[in-house]
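Letters A, B and C mark the chains as written, and numbering starts fresh at 1 in each.
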Amino acid sequence: MVALEYAYGRCLADNQLEDWPEFFVEDCLYRVLPRENYNLDMPLSIMMCDSRGMLEDRVRSLREANIYNIHYPLHQISNIEIVGESDGTLEVRANYSVFQTDQEGNSVVYSVGRYRDKVVFPNGEPRFKEKTVVLDSFNVPNLLAVPL
Amino acid sequence: MVALEYAYGRCLADNQLEDWPEFFVEDCLYRVLPRENYNLDMPLSIMMCDSRGMLEDRVRSLREANIYNIHYPLHQISNIEIVGESDGTLEVRANYSVFQTDQEGNSVVYSVGRYRDKVVFPNGEPRFKEKTVVLDSFNVPNLLAVPL
Amino acid sequence: MVALEYAYGRCLADNQLEDWPEFFVEDCLYRVLPRENYNLDMPLSIMMCDSRGMLEDRVRSLREANIYNIHYPLHQISNIEIVGESDGTLEVRANYSVFQTDQEGNSVVYSVGRYRDKVVFPNGEPRFKEKTVVLDSFNVPNLLAVPL
């Protein structure tokens, strides 16, 4: 689990977005939502993809269409815990803080929050069946462009 | 140890304060003090409880009496090390950073510091005999309401 | 690896600079450089020492000659991964965030970045053959005095 989470963070921090969908199984759910919505079981998300194809579309869109300020993210992922297991699916939690550095080299706390993940093992390799990013800081200072 | 520290952080970040005293043995010491005092062996603490009953009182007081701004904490606990052992008591160190998010969704670094813990194993389960929170940032931006 | 990285961070956060060179083998490389330079394979460093003797000189200079504001650092080291191995040398990566607290007790994010390390095992003990600190935040708010 730890290896999966760290490799995931490295992929994003190294700007290898093309590899990002491969951390998920085909039939997956990726979503980003404020903690308030999550706790009230309101499904309204800031970002939501419910298949690997949608994740791939998102990457293409980021690479080719979107215009946004260039910032460099760094993911500190800690407090990784396995909190449940059923039918070969692990329920994993972690906390993250993402620092963002602009082109002048100034770093700020960009987003802090929690991962609520479901992990499965197709071909023995861990992959995300579901990754829910629960934002503590939902007032994101810039448009949420690259994934968390 | 890692599991104990992470569960502790999760309890506080999830606002399950009623469970907080259960991370400690009955006859325990919990205190929060600035690094300067700690290094000079001056016992003056910002917060101090020397039994589980006092921890329970503190939770009741937080829930029922205290008035404070609502903020959401997130604990990043890292650098967890076992640095000593004697008579079945483990000496554990860790670093923490607690981010705090206000109701508008803005996150700031609230407190960074170190845990200096003594861990014992009643009934085979790890519990804090002592937890000393040594604050690097002793100039806390808001009243120290919820525990660190 | 994890133990080595944490002990390294503890040494610096506890201001035990005299022990810092002992984390390295005699014939070593320690350097700090901005990510941009690192990614372009440009060797220009902000700090560079290519032997343990140079590390020792640096500590002496910090203790005896340099004048700088007193700040207390705290190292959060996470995402520690072994990403390669050859001829008994491990290639290790980690992310760090260093918070700095001034004498009034205010903490700020001082530096975030990555460690790119090569670790060897003289006498069975892990030591850094190479430690490259790749800065995300290269616009350091204060002179880079103490090592990262």
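One rule holds for everything that comes next: contacts are C-beta pairs under 8 Å (C-beta built on N, C-alpha and C of every residue); 3 or more make two chains touch, one makes a residue touch a chain.
Computed from a predicted structure; not experimentally measured.
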Cα-superposition angle relating the copies subunit B and subunit A, to nearest 5°: 120
Homomeric contact subunit B-subunit C: same or different residue positions, threshold half: different
Intercentroid distance (Cα basis), subunit C paired with subunit B, Å: 28
Residue numbers of subunit B (touch at least two other chains): 76, 78, 97, 109
Subunit A partner contacts - residues on subunit B that touch it in the complex: 3, 6-7, 9-10, 13, 72, 74-78, 97, 99, 101, 104-109
Complex contacts: residues of subunit B adjacent to subunit C: 34-35, 76, 78-81, 93, 95, 97, 109, 111-114, 135-139
